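Heads up: the structure comes next, in structure tokens.
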Amino acid sequence: MTIEQVQSEIQSAIPGAKVEIILNPSPSAQHSLLLDHEHVLAVATYLRDVSELRLDYCSNVTGIDWLPREKSEKVKVKNLVEGVEQEVEEVHKTVVPGYLEVVYHLFSVEKKHGPVILRLRTEDRAAKVHLPSLTPIWRAAEFQEREIFDLYGVIFDGHPDLRRILMWEGFVDHPMRRDYVEPDDYEYEPTPHDHVLQRSREESGRH
Amino acid sequence: MLGEGIVRGLAETARNFLGSFVSKERLTTVQFPEERLPQAEAARDFPFLVYDGEDWQAGMRCVACQICEKECPPKCIFIEKSKDKKPDALGRAQFYPARFDIDVSVCMSCQICVEVCPFEAIKMDTAFELSTDDRFGGLLWDRQKLALSDAHYHAIHPTDAAHTDELLAAEKAKAEARTKAAVAKASPAPMPQPPAPAAANEP
Amino acid sequence: MTLPFTIIAALTIAGAVAAMSLRNLVHCVLALTLAFAGLAGMYLLLGAQFVGFAQILVYIGAIAILTVFAILLTRGTEPDAFLDLPSAWVSNSVIVAAVFGVLVWAVHSSPLSRRTLPPPPQITVRQIGFALMDRFVLPLEVIGLLLTAALIGAVILAMHEKQAAK
Amino acid sequence: MSSMTETTSAANDERSRKLTAGISEGQLLEVSMGPHHPSTHGVFRMDVVLDGERVVKLKPVVGYLHRNHEKIGENNSYLASMPYTDRLDYLCSLTNNWAYALAVETLAGIDVPERAQYLRVITAELTRLQNHSSVIGFLVQDMGASGTPLMYAFREREKILDLFESLTGSRMMCNYMRFGGCRIDLPAGWLDRAKKVVAGFPQFLDEYENLLGTNEILMARTQGIGALSRELAINAGVTGPLLRASGVNYDIRKVDKYGIYDRFDFKVPLGDNGDVYDRYMIRILEMRESIKILDQAMCDIPPGPIMDPKAKIRGFRPKAGEAYGRIEAPKGELGFYLISDGSGNPYRYRVRPPSFVNLTVLEDMCIGNYIADTIAILGSIDIVLGEVDR
Amino acid sequence: MTETIDQIFVILKHWLVGHVPTAVEPIVSELLSVVPIILLFPLLFALITVMERKGLGRIQNRYGPNRVGPCGILQPIADGIKTLTKENIVPHSADKVVHLLAPLLLVMATFLGYAVLPVGRNMVAANMDAGVLFFFAVGSMTELSVFMAGWSSRNKYSLLGAMRAIAQMISYEVPLILSSVTVIMAAGTLSTVSIVEQQSGYTGIFPHWFVFTPWGFAGFVLFMIAATAESNRSPFDLPEGESELIAGYYTEYSGFKFALFFLAEYLGMMSISGMAITLFLGGWAAPLSFLTWIPSYLWFFGKLFFFIAGFIWIRGTLPRLRMDQLMNFAWKFMLPMALINLVTAGVWRFMPTGILRWLVCSAMVVAPYVLLGRGFMLGKRLEKRTYRFAD
């Protein structure tokens, strides 16, 4: 089943679901479907239970951090240059806002096919980082979503046990974000080694 | 019957107990400091810098191109390029590393530096008993400690070294041919660029 | 009073006093065990080997452990605040002293205490066995029956609890 | 979907509640097993709540070995991540290599020559042999067998590691595969030695079955313990021998037919009960199948190049795009998900670790069992903390 | 001559006692009985540790310790120096006095058991009328010290280990005593010395050991299983099951106190083996009548050696049971078997000698074993399974 067929099947089964195909230009040609937040649970349940696909196995859940990036466009603008109207090329720089993305790789154990790739995007990287959790549909996402919450800071609504998993409780930042700055102090943990202790003090004094 | 499996297990351990006295297949222990297994030819531990001839400074193949520094996964190589140039094995003037340090405590013996080196200048050594009581300094090796002769390379990796020699010889022949052609044309010789052999394909 | 007797008696009494006065319940049990051991020592001193060893086996090996289990399974080992009032303490000791005095007087004035003792018989295990199987066979069987009943009762109680847990 | 209600983790809380009904808080014993515990296979912690010796609640705590492997991958070139994959599941570096190489080859569209494919199959199946043998050794060791089965397993593993050393130069951190092939060809006489080792392996398996196969204590300890239902296993993304012990016929070697696995004649053993004993036996049977594959592969291996000539070692920059590559690693599905933005470093480098995902169902399997079973169940999951924590 | 060699230690003791003033004679006599035990068995313990490590090593296809001294024979000395020089760590919240007393009491209780073991002809420290009872009485004292150790450490693993240990020891004490009661019934005495003497006769060249009767053999097996559990050895080593409970009740012990626990474990193992030898294997009696010229104590220690080797062999082979399985095994298999065996011993006693007695008594032991064993396996549905294969 091609990605377009999957798209149309979802759209016909779940009215109102926005399904956008994200093409993958690389030789792997693993295209994916971008879903909207409202219908994702219905779509996921449909994909798992109802459709021809029977995607009963969620293999991999990945978090991705897309930084805001500058997009430069060359636009032809008519300008008055020295009193004469001229067509001048101008470079328009627009900032595409960053967002966090979560990618689900689905396979079917029953039919032995896959992957069908689902994507979910947050609205931005700071405040609106909520996404619906797919753990109720695929238990396999439980730890992986926790990991994404931990390392990227995506908050999964409906996750049964959303705690940090790899970093410790009380850790403040999300280390897999691309703009994460290492605190650069853990190399010099206090030890009885005098020399190391000294360096550790100097380091902490500097920061 | 209850106990049957236990008795079978006991028989198996008894067989192994006796077997360990008679069969070398069973008792595979090598008592290390006294007995040593021959090292595999492919064995790799930490990198060293190959030099030709007798003088390590004159014969060092490394031209401080810093590819290995960039590619090194744990970033354990530190290279400082020299200000001046010295002639290499082909007689061309090349930079040389004014400083070449490898932090052996960080190095993970992955051999990537060897694979990416276009000059066959860095190879893997097989020495492994390297303990030191100096935690910071003793494991930071400078270029003098890293420099080992081509003969050593031949001794530890004979097949590899022969292959490397072939590659170098071919390159030398090519370079000579080019110089001759350049001389014949009597035009100013261009700076010969070292062609990059496909280092990854070495067997 | 011989030296071994003095030592054992002192230990027994010390154990008994500690068992009553210590705050930590497990310590009390351990002290009580000391008193039991002292008692066993007394039996051995009197030449009653079988009773002495049975005392060790039953009281130290079983009763003490049972008590410990009971304490650990039911409640914390550290008691709450000490609730005794001094007035009760005083009146209690007066009563205890009076009872002790009466007992001492009774024992001392009894003719039994002035009788010369015959040499203790050398009782072997074999004799105890014959006595148990011969003269005391009925009490033995009755005790056996009682214990069996208690055992079955305990099993039924435990089973009931298990079903309730389910 | 009635069965699906049981697969949610809320079902665990429900079961905990049922088990602790009528028991006061003070009677429950909270034990933190790990991170320094002899049988948690590394720095792994289980927060266990016990009623007597019965587990009523269990929360796995991981991350003690976390080194942000994925971030390291994003900051390094594609090639430089290859040696790091060795350190994920440090028992099976060669399958890790293969999974990563497969993902990059999918991403960049690189072909792999025939001989290199055979080399990959041979090394991967040898890896499976040594992993499974040590895992069942560890499992029985955790059940208190004083190391004897483990030592037998290690004796055989040592022979395979010797083969790895003479081929790749390192016993465990092999760093052998490259995008488009393998790093070096077989040294002279290697194949004969490997054939000898593989030929001796069934004897070891027989010995193992004699030692423990019908052992009453082992059966009592493992049969009916930690049973994992088919539905939960699939839904929770459990893969590898665990999934097949629960009776699900899903082996990526058969499903994806990656590499050249469609050329070999082998079968997939399946269990019916999904308990610890089944996992133990499935591993033994899988080893027997691996031996079959190895026999065929070592017989058929053709001469030829071992690297795709188009593959680049220096300055490898795949086109922008993404790819997910997965293989059947000894512990389950090992996947690598790569996103390229056209530069020399991957934009996103994601590892889908089998042992991490398999840990999801640890609580489901342990609740209601005894604390000693917890150890056996954990051993039967077969985790390596290098991979769980990354 | 053989008589002299056999009795050399007894003669030596009498000779020594004869040279001291009469007033101190009883004390010296007792010291001369006690001191050799206190010296000899710890020495044996040292030897056994190295034997165990080397034996396990060979079972596991490795050398075992072989660096200290010739063939590693001095390893226990190195171990001893190591443990003695280690820091004695007492947990902050531990009950310090009880924590200290527990190992001392444990070692004391295990040593007491040796008093009634006849290690050779006329070689017993205390020939008590109720010797067997004494042995089990002091054996039951160890439970208390185990509890003290586990409770005083204030560690959850310790407490769990102690609870396991006590539950296990109490449960297995019942079949242990019941299986030795058969011997007491047959011998008609509780004195260890008389029990051995009753077994020291020969029919032809074969000895009159109790193990060579149906009830004796069954009793011996039951006794050994229970003894393994009593001494916390594999496969019943749950109290210190290191994969679950680190080291059980002695998790929080270090240095010398830890060594004391270790010593007590091995001493317990030796003393209970000694009791098994005394009860079932004829104590110091030679196994064949023409071998009586070998001194009796050598026979005793030779038999002890075989027992220890058996313990090591079993440890090298079997995985550990689980707590509830252990308990089920004690109460649902060991106890019925021990009771049936008791009846069998009675039947044996009152039947006339002959082949019929053998047949009846063997059937009385084997049939319940098969039935109980099968019930045990079927009840748990333990079986070797077959597996499906998918293409």
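Per-chain residue numbering starts at 1, and chain names A, B, C, D and E are given in the order in which the chains are listed.
Keep this in mind: contacts are C-beta pairs under 8 Å (C-beta built on N, C-alpha and C of every residue); 3 or more make two chains touch, one makes a residue touch a chain.
All figures in this text were calculated on a predicted structure; none of them were measured in a lab.
Common neighbours of chain C and chain D under the contact rule above are E. Removal of chain A in thought leaves the touching network of the remaining chains intact as one piece. In this view the innermost chain, defined by its CA centroid being closest to the centroid of all protein CA atoms, is D. Farthest chain from chain C (centres taken as the mean of C-alpha atoms): B. Rounded to a whole number, the gap between the C-alpha centres of chain A and chain D is 27 angstrom. Separating the centre of chain B from that of chain E, both taken as means of CA atoms, is a distance of 59 Å.
One inter-chain figure worth recording: chain B and chain C are separated by 80 Å, centre to centre, where each centre is the mean of the chain's CA atoms. Note: centroid distance chain A to chain C, computed from Cα atoms, is 73 Å. Multi-chain contact residues of chain D (touching two or more other chains): 148, 152, 155, 211-219.
Counting only residues that touch two or more partner chains, chain B has 2-3, 6, 9, 12-13, 16, 26, 28. Counting partners per residue, chain A has no residue that reaches two or more other chains. On chain E, the positions that touch chain D within their shared complex are 56, 59-62, 156-157, 160, 234-235, 237-238, 241-244, 246, 315-325, 377, 380-385, 387-391.
Across the complex, chain E is touched by residues 24, 26-27, 30, 33, 49-50, 53-54, 56-57, 60-62, 64-65, 68-69, 72, 124-126 of chain C. Those residues of chain D whose C-beta lies close enough to touch chain A in the complex are 1, 7-10, 62-63, 66, 68, 70-71, 74, 106-109, 232, 234-239, 248, 250, 255, 318-324, 326, 333, 335, 337, 339-340, 347-348, 350, 352, 356-357, 359-361, 389-390.
For chain B in complex with chain E, the residues that touch the partner chain are 1-3, 6, 9-10, 12-14, 16-17, 19-21, 26-29, 31. The touching residues of chain B, counted against chain D in their complex, run 2-6, 8-9, 11-13, 16, 26, 28, 40-44, 67, 71-73, 108-112, 115-116, 118, 124, 159, 196, 198-203.
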